[in-house]
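Heads up, the next two complexes both have chain A, just with different partners, chain B and then chain C.
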Partner chain A sequence: MKPFEYKAVHSIEEACSALAEYGSDAHILAGGTDLLIELRKQNIRTPKVVVDISFIKELRGIESINGTINLKPLATHTQLLQSSILHQYASLLSSAASVIGSPQIRNRGTIGGNIMNAATCADTVPPLIALGAKITLKLKSGSRQLDLSDLFIKPYQTKAKPEELLTEISFLKLSPNAKSSFIKLGRRNALAISRLSVAAILFFNEKGIITEARIVPGAALPIWRRVTEAEQIMIGEIPSTELFKTAGQKVSEVMISHTGRRWSTEYKEPVIATLVRRALEQCV
Partner chain B sequence: MQETENKMKDQKYIGKSAVRIDGKVKVSGAAEFIDDLDFGPDLLYAAIVESKFAHAVINKIDTSDAEKIPGVVKIVTGKDFPFRFGLYMHDRFIFAQDRVRFVGEQIGAVIARDAATALKAAKLVKVDYTELPAILNVEQSLTKDAFLIHPELRYYKHVPWFFPKGETNIAHLRKVRKGDVQKGFKEADFIFEDTYTVPRYAHCAIEVHGAVGLYDNSDRLTVWTASQSPYTQRNLFAEALAPLGLSHKDIRVVTPFIGGGFGGKAGVSMEILGAALAIAMKGRPVKVLWSRAQEFYNTYQRQGLTARIKVGLKKDGTIIAMDNILNWDAGAYVEYGANVVNAAGLSASGPYNIPNVSIDSVCIYTNLPPGGPYRGFGYSEFLFGLESHLNEIAKKMKIDPIQLRRKNAIREGDILNYGGKMNANGLIEAIDKVEKEIEWNKKETSSDPNKAIGKGIALFWKAPAMPPNASSSAFLKFNEDGSINILISGMEIGQGLLTVMAQIAAEVLTVPPEKIRVETPDTDRNPYEWQTVGSHVTWGCGRAVESAAIDAREQIFDIVERALGKDRKSLYLDDECVKSKTDTNFSLSLRDFIIAGIQKPDGSYRGGPILGRGMFMPEFTSALSDPETSQGGHPNVHYTVGASAVKIEVDRQTGKVKIPKVVLAVDVGKALNPDLINGQITGGLLQGIATVLYEDMRFNEKGKLINANFTDYKIPTSMEIPDEIVPIIIEVPQPDGPSGARGVGEHTMIPCAPMIANAVEDALGIRIKSMPITAEKIAMNLKHSL
Partner chain C sequence: MNNQSISTTINGRKFTFDVYPNQTLLHFLREELGLTGTKCGCEIGECGACTVLLNGEAVNSCLVIVPQIDRKEILTVEGLAKDGKLHPLQESFMNHDAVHCGFCTPGMLMSAKALLDKNPDPEEKEIRTAISGNLCRCTGYIQIIEAVRDVANKA
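Let's turn to the complex of A and B:
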């Protein structure tokens, strides 16, 4: 482990000041489940200063205000999966949180860290993008809000400036006419990185016709996005296995058009289609 | 046969699930493992300079930069220890000399005041290499013009039952010829031939290897190791270091508790460094603790196998001929691994009665990490092919796979591959019970259209692989209060040996196991044991303890006879007292005299401390046989047999396998402690399932292991445990075992791979002939079969 400076901050202001001061020399520590492993690797990504934000009370918690849910970045995966608000209004997110790592990792790891680390296998990101989440990034002076789907440049790289601190993730509660699901495929049932995942939400009218669809695959595309090409196929339709199969195949096609063919494609191509179909079936 | 005594009597402690005597210390954290031992402020730490290449000549080693690092005490390289060592063949050096043969091989060591400094300095040691062509698979190694990995092979010292082929990369060839295999195939109505492959595996014990050596100023070398084999280590240290003037009496090996062995901590691998570095740093203890990565690439790996299996059968399903060629990827050094090849070769026809057998089991050098012992000792590997192949045969001949096995199953008295007779066994009973428990004849379908259900079966057998003179011994010391200390060098590796040894002594001496203390070995204190391997210690060490207890009992009767004039033939032990069949009023508590003796009316005493001594060597075995046929010897003491079956639920699209139920029946002879056996069955099944469904070792094109960590080398977690595990204990006594027991440690793992492969075939109709059978492989095979 290379030596580094450790700085604990106790308020958002203090955190932003520290980030402003150290810029790209700094790295934020929240739950530490990614950073601590990086630090041990002794690679060039080792930061000069580790800014520990885990003491900041304002960054903790899950709030429900009218029709909106505000997640604070220090909310742990365990808190997400235990939240009754999320169970009711965004169950795909609690499902995703429940299959991350192990109980220990879920107790330590935070949603803010999961987003900002920007690993393609991050399990909370596909549900959040499906939910249309917006994030707030704060500088020492001022802040900005952007769509989560606009945050990512490529794996492990975001548009957030080194001086910016993620302070909030918010999205609208799903209405009762919407159903959601999340499916993860790992090499084993715990402590496994997603090989593929799918977050899906379907909205229905009173006749049972699909009025809106959202599909976000995980670990499939270079950066996350809703696969509108597949979503559109379903609008105005009645749910059926055939329909979901077609949507699944479309997602698979889109994946290949983005990633090209690699050694793992032969497996992932049919399997992503299947996972999308199953995720959609769970939304009915 | 050396018959054991007192096996048919009513037993008070044997056969009961006594609570394990090491349970409390382990659960409470009081148990000490090698890294817990405190060696004080003088302790030095060593880090290893490792080979970057799979095959290269070392031109020069420059330690000057490393020496400048503050805190570095000494740097040691091959020139300091030009000594060969090895268990069955001396093909290794303590440090590489002029040549390295696998990525990660030790070239030198930096000794420093702290571990971080040692590691930092080791990276600064500059090694100048000339890279040689690396041989990374057996096919390449067997080609005519292949580079010789060990040009000096023909001069290596080895045990008499090895047959190295000089000027080739074949370190040992075990040939078995029974009957007339050509005639057998001529008489066969059907012949089926196929090839199955098994890759390398890592043991993945929770505790890494470690050794601490101290060569003190009295010229005494003490080495604390995480090991299954303290005496074998002492012997190998003494052999390797003899040129420096050390003899066995000067060397002491202490083994505290270990966090799993599974064969990986048998013999001597990195522990030789603990011994050598101590010699280099006289007066100060030196510690070498492996990292998890080193645990993967520089201990032993389970060897890879390519098995070509050819079976000839009559129309009715009788197997009349078998011809197997087993090519083993044994790695860069085979000092232990060649014996895996040997043992597997002798038994690679499986638990079947086949009149005509030909087996070539070939130990092949490659530039991959050294192969060596792993729970199952080669049997898991050949059973994968053999038991998969039998199912394919059954399918093609339209015979039920269980019927095919039952028809050909080996029975007591049948002739073994080397000419001996099969021991008494409950194989048929195991098949029957497993068939019933898994509801073999009930075809099941899943309510989920995405899932297919399949059932698979596999039989297994395994004999301990040991030299004919592998022996065990025991001391049993009575204490003033009537409690007992048993001293053995069989190793507690999680199997419950300490508990079972206490039970055996308790039965003879009527002292309850709670009053008996058995501890892990220290060669200064505890007497000789060959090794804790091959599922043999319950049997071998158990016999030694039993005989030590009988020895103590006879001493007790002797004292009572001499002091009190009681006829010793009338005496017996009951409830920690000596009693007499002829004088029912007589009862003398052991604690009253087992140290103090018995006082005579004149005030003098008779007796003295009771100290039982026991020894066991299987004197009926022999490794001498015809090298061309393996006929004539008696290499195996006995076989433990059984059957296992599984029900799986497999996802047709993703290939993911779930296990709703698994059953394993094993003939243990006598279950000395049924709970511990159920633990072995559960643990063995999980380890076996791990190798077939999850573990996947990957080397790059330069022979470097690229997933030497638990993130990329996946082993199952508690989330993958089968929904239901049914252990079935069968007891057909082993006449020479303690109370009729035989070993069971390895057998519970070895049927897993073919049983799962057979279940996948049953579910989906696809035959996967290479391990592992990952979700991805299943999905791809299914896709291509459609």
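Let's turn to the complex of A and C:
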């Protein structure tokens, strides 16, 4: 590892001051499961200063306030998957956390790092976008809130400034008439094509008719988004395999309209359609 | 590069060190403290050979930089035996032939210890999950799972 300055910060205020002082020379360290791999690469531009936020107590925890869930960025994947609040009100997020890496990675890796690293295969991002999550980014002077779906420019690139600290991720609890699921195919570091995933939520009325649908595929589109084209097909319908197949095919079409046909399409096209169908079936 | 002064507990002993920040916990344990029981495999979080317990949780020491252990407790494989007596997991690994070349063993033991400390009577599925971040190229895992199961049964 090349040398760098190291600064441990113990409060949000101290973190924001340090980030303001060092600007783009600084790099935030949380659990380190992405950053350490980067720091060890020979040919990258090593940050001059590593600002370690892992000691900040106010950035830890999972809160439930009335109808809203607030996740602090240092919540680890282990904490997400063990959280009874998430099990009850956002089970697709606990499912996603439970299939990340290994126990060791889940014990260190944080939700904040997962989001801000913005890797195509970031598993918590599709569920969070399906949940309509908003994030808070904090500067030394002030803060802003934005929809998580507006954060990303392209893989590994976000609209956050180097001086901004992610301090909160919040979303509304899913109501009891909603069912959700997350499915992921393949492991990280297997071939890139096998990192496909799908987050899905279906809302039903008392007659069992679908009133709202949300589908967010992972690693299929250039940037994460809900596939409203497929969601709309299901509204007002009774769940059925046929319906879910049609929705899956639509997601596949949308994917191809974005990415064009390339070497991996032959594989991805049927696979994403099937994953969507299975994810939807798990919502019934 | 700025040195950092840290205090930490390693295998039950309190220490204060001056450390360079650009060193992983793995290298620090092996090179500076001579605790070479913790193994260095892939160094990218994939193999689990470097697993140690940080405040009781299994972590890859190759993905932690030393200043991050300030005021934390580390347990390595060297800290398992007490008063010259092997830990029940170590005995059980020997009895079940769960150690072949032995390279994965320290990491496996630490992952298994993290599990049993939280869940003294795990199901097989839970044992498999607990060691899913530890690769073994020799045993085929079955002996390891049985070794852990046996300690749980006797507890």
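Going forward, the second predicted complex is superposed on the first by the 275 of 284 C-alpha atoms of A that agree within 3 Å, B and C clash if a C-alpha of one lies under 4 Å from a C-alpha of the other, contacts with A are read in each partner's own complex, and residues count from 1 in each chain.
Following the convention adopted for this analysis, contacts are C-beta pairs under 8 Å (C-beta built on N, C-alpha and C of every residue); 3 or more make two chains touch, one makes a residue touch a chain.
What you see is a predicted model; the values in this text were computed from it and never measured.
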{"item": "Partner chain in contact with A:266 - chain B first, chain C second, else both or neither", "value": "first"}
{"item": "Contacts of A:105 with chain B and chain C, given as first, second, both or neither", "value": "second"}
{"item": "First (chain B), second (chain C), both or neither touched by A:32", "value": "second"}
{"item": "Which of chain B and chain C A:146 touches, first, second, both or neither", "value": "neither"}
{"item": "Touched partner set for A:185, first chain B, second chain C, both or neither", "value": "first"}
{"item": "Most chain A residues touched (candidates chain B, chain C)", "value": "C"}
{"item": "On chain A, the residue positions that both chain B and chain C contact, one per complex", "value": "102, 189"}
{"item": "Interface residues, chain B side, partner chain A - complex", "value": "450, 653-654, 656, 694, 711, 714, 716-720, 774-776, 779-780, 783"}
{"item": "Chain A residues within the chain C interface of the complex", "value": "1-6, 8, 29, 31-33, 36-37, 39-40, 50, 52, 54-55, 78, 101-105, 107-108, 189"}
{"item": "Chain B-facing residues of chain A, complex", "value": "102, 185, 187-193, 266-267, 270-271, 274-275, 278"}
{"item": "Chain C to chain A touching residues, read off their complex", "value": "1-2, 4, 20-24, 43-46, 48, 51, 54, 57-60, 62-65, 67-68, 70, 111, 114, 129-130, 132-134"}
